[in-house]
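Right after this note come the structures.
The two complexes that follow have chain A in common; it is paired with chain B in the first and with chain C in the second.
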Partner chain A sequence: MEGHVSYPILAPVIKKYPATAGPLFQTYNDLSLAQRWESLEVIDLSNALRGGFRGRRPGTTESSVVVPCFLTESLSMSWISSVFQDLPDVKDFYLAICTEDSSVVYYRMSKGIVKPPM
Partner chain B sequence: MQLNANQHIKSGGRKQNNNEKYRHAFPLVFTARPWPSRLIGVVGLGTGSLDNPECLGIFDPHTKSVWIQTSRDSNILWTRGFFGKGNLSRSEPSWHDRQKSSVLTSEEITAQRREARKKFKQERAQALLEAAAQAEAAFAVGQEAPAPVLPSRPAEHLIIPKRPTKDDVLEEDLPKEPTEDLEHLQLTLPEAFFLVWGLGCLTIVDPNTHMPMSLGAVWGSFQNAYSPSPSPSPGLISRLDNPFLINYLVYHHYRSLGWIVKSGTKFCVDILLYKRGPVFSHAEFAILVIPVYENAEDQKSSPFDLPNAGPISWTWLGTINRVNSQVQKTVILTYVVIPSSTSVSSDDRRTPACLSRFSLREVPLKRFIPARMRD
Partner chain C sequence: MDTDSKIKLNVSNGTAHVWSLEDIARLRREHQICGLLTGTLPHVAQQNVFLGLPLQLMPEEVVLLIEHGAAVLVDEQASHRIPTGSQLNSWQQQQKSKAQSSIPPLVDSTLNTPNLSEDQIQKRRLREEKRLAAAQRSTTPTEVSEDRLKATDSSNALQTAYNVDVPGASVEHPWYSPIVYESLESARAAGLWTFPNTQSEKARCAVFRDLWKQGYFMGIGIKFGGDWLVYPGDPLRYHSHFVATVHGGSKDHISPMEVVAHGRLGTATRKSHLLCKWHEQEDRVEYFSIEWAGFG
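The block that comes next holds the complex of A and B.
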């Protein structure tokens, strides 16, 4: 991982939160190289004890937040609340669930009850 | 990587192409002997030769996987047994091809198909709305409503993509091809161990020393990857409920029965079983791995929080069965019985010999609807 071209951008956050280095790396590569997100930057989510990303999906003007995690992690409602505490002006974020075969599955987590679009 | 070659061939030809491309079930290939030595082979002697591609991978403990970084090895491992997945692609590593806009890959075909289906659904919804409005208007006047005209199925609108020829595309219009392929083939730890121990066609390199790892080191490191505390030494006495052992046991079991085993995350299950491969047909079975401890004390003292090890609720099971029956897959519960730690010696635990002490039981699930299933 250290030799990969994406590593230098992620290095500061990986050093701070080494346990979630895997999902961080996988999600960053998926967003920047495969999904082609724009203006991607790494953010520090201290309550959630990991790094995350802020960027724009291709074709949109607003930026979104992506929080990576392992498939095998147990996440609780209080953990989700702590992520929203780290991001005070954000109404929803994408949870990037990373698996060992390199699949990344995205789920959108919203604050409160949100009616699904038609 | 060679998917573009199939696009302009009719379905019969594509099937034949795939049969040819994926003709080897495993990376190891036995080469046929010429007929005189086949006679010798009949009496039990003989010199058929084994072609071992001797692939090289690097272990990454952060992503708990082994990376194959050369296109030669990626191609061999994918086409001979469907091992691994491109880390920037849906299945076969095709990221580099997708960057060259002249080549159409499976991801792009799926995107086109989804667009066509979305458009069809919108047109159909629109047509139904108009028909309903017309029927209302006709009813108000007292006349019969005209029959609604619905748009035809998207398959009729679908244009088989053609590979652009030299006449279509000018040299200056082509974007500059990226020089570096930033994608690798990612093997899960069970896949990698199967290739190293079961088939002997893969060597794994340590990420820190860049030296090839011995079998014992691989066995230890793969288990340590799941350890809650950082970097214990290899050669540690294994806990029998290490997730790597459970995952490997199930993988080895189905692989040796001839199934192609892939991850089942997209269908809320642990693994999917393919009869010949993802290229030939959809997976028939969706497997949920359920670990069961022979000795309850082992579960209490476990540092791992094994998924599905606790009591199962019907809502959870029902949800998974719903998801999978919509895609015509049968859900199978595979119970893995973890032997008591007191019954397996520490010597056995240092090697894969401990795997023979586990046992496996399969329970297929089928939803029974009395009204429909009368025969």
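The block that comes next holds the complex of A and C.
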């Protein structure tokens, strides 16, 4: 990982939260290279004990937040709540679930009761 | 509201049913509670698309109605007393007279054929006697009263089948005397209704109540792998927007695989998944909605 071109950008957060280095690395590469997100920057989510990303999904003007996790992690309502505590003005974020075969699947988590789009 | 005007929830073996059509309509119109019709239809028993009485309620619905003073619990087993001798007798008399009155009146057919010869009348009589004998031998239940037989003069057709009325509601029987409980505490003390018992059951009641207060109608969620389907209005008018699951306490753990399962199913069915958690100390419910991101 240290030799990879993405590493320097992720290094500070990986050093702080080594346990979630894997999903962080996987998600960053997927977002920047496969999903082609723009203006990606790394953010520190201290309550959720990991790093995350802010960036723009192609075709949108608003920036969105992506929080990586691994498929075998144990999440909880409290953990989701802690992510929103780390992001006071944010109404929703994308949870990036990373797997061992390097697939990443994204699900949107919204605060409150949010109707599905038409 | 006095007890008589409250909706009766008939509890049998821990399940609450509603047998009155007016109450079922009231539950839907006035109390935002739909329940589930579970009665099969006698003439089309092999289908479950169209169902009839009774209405079955979810335990959370029962708790909400009792807490709001809109309904009372009835101990069905204790409410059905053993009928007295005289009650049984009068019931049997009623059944008999119902049976007899349902047999159509006999037509005196000789009046319509005044020109029958003696020979023809004799033949007709023999024919009727044979038919009567055949009817009595057959397996279908028929009953002919003694008086009727005598009156026929053996020249009239005999209609021997009659309808049996089975009353739907127990309140029609004089030996039914309802034992009613107005509060959850009294029903729990009597051992009739003990829900909610565990912490997770209490959480379910709290989340249900919170969603109900916001005007949502809830339906059973089994078809979509959740606790409830959440409708923004009457289910006859709206599709549900959410499948809700209750988390927290010992059930606080959510695996990412669950997120995938709930999110994918919801998005494929034009719904969002609703994660709900009851914070007991503050008595508030926290919600998160999940849907597939649409990429990745």
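In this text, the second predicted complex is superposed on the first by the 118 of 118 C-alpha atoms of A that agree within 3 Å, B and C clash if a C-alpha of one lies under 4 Å from a C-alpha of the other, contacts with A are read in each partner's own complex, and residues count from 1 in each chain.
Quick note on the criterion: a contact is a pair of C-beta atoms (placed from the backbone, for glycine too) under 8 Å apart; a residue touches a chain by one contact, two chains touch by 3 or more.
Since the structure is predicted, the reported quantities are computational estimates derived from the model, not experimental observations.
Asks: Thinking of the overlay built on chain A, is A:74 touched by chain B (first), by chain C (second), by both, or by neither?
Replies: Both: A:74 reaches chain B and chain C.
Asks: Just chain B (first), just chain C (second), both, or neither: which does A:116 touch?
Replies: A:116 sits against chain C, while chain B stays out of touch.
Asks: For A:1, using the defined touch cut-off, is the partner it touches chain B, chain C, both, or neither? Pick first, second, both or neither.
Replies: In the superposed model, A:1 contacts chain B only, not chain C.
Asks: Please work out whether A:107 is in contact with chain B alone, chain C alone, both, or neither, and reply first, second, both or neither.
Replies: A:107 sits against chain C, while chain B stays out of touch.
Asks: Of the two partners chain B and chain C, indicate the one touching more residues belonging to chain A.
Replies: Counted on chain A, the partner with more touching residues turns out to be C.
Asks: Could you look at A:18 and tell me whether it touches chain B, chain C, both or neither (first, second, both, neither)?
Replies: Once the two structures are laid over each other on A, A:18 reaches chain B alone.
Asks: Applying the document's definition of touch, where does A:33 land relative to chain B and chain C: first, second, both, or neither?
Replies: It touches chain B, and chain C stays clear.
Asks: Would you check which partner chain A:57 touches, where first means chain B only, second means chain C only, and both and neither mean what they say?
Replies: A:57 sits against chain C, while chain B stays out of touch.
Asks: Considering only touches as defined above, state whether A:95 meets chain B (first), chain C (second), both or neither.
Replies: Only chain C is touched by A:95; chain B is not.
Asks: Overlap of the chain B and chain C footprints on chain A, residue-wise?
Replies: 30, 71-72, 74, 97, 105
Asks: Please output the residues of chain C touching chain A within their complex, sorted ascending.
Replies: 214, 232, 241-242, 247-248, 252-257, 259-260, 263, 266-267, 270-272, 274-275, 277, 286-293, 295-296
Asks: Residues of chain B touching chain A in their complex?
Replies: Residue list for chain B touching chain A: 60, 62-65, 84-89, 95, 180, 182-183, 186, 188-189, 207, 230, 243, 262-263, 265-266, 305, 307.
Asks: For chain A, which residues count as touching chain C in their complex?
Replies: Residue list for chain A touching chain C: 30, 35, 57, 69-78, 80-81, 94-97, 104-116.
Asks: Within the complex, which stretch of chain A touches chain B?
Replies: 1-2, 4-5, 18, 21-22, 25-26, 29-30, 33-34, 71-72, 74, 97-103, 105
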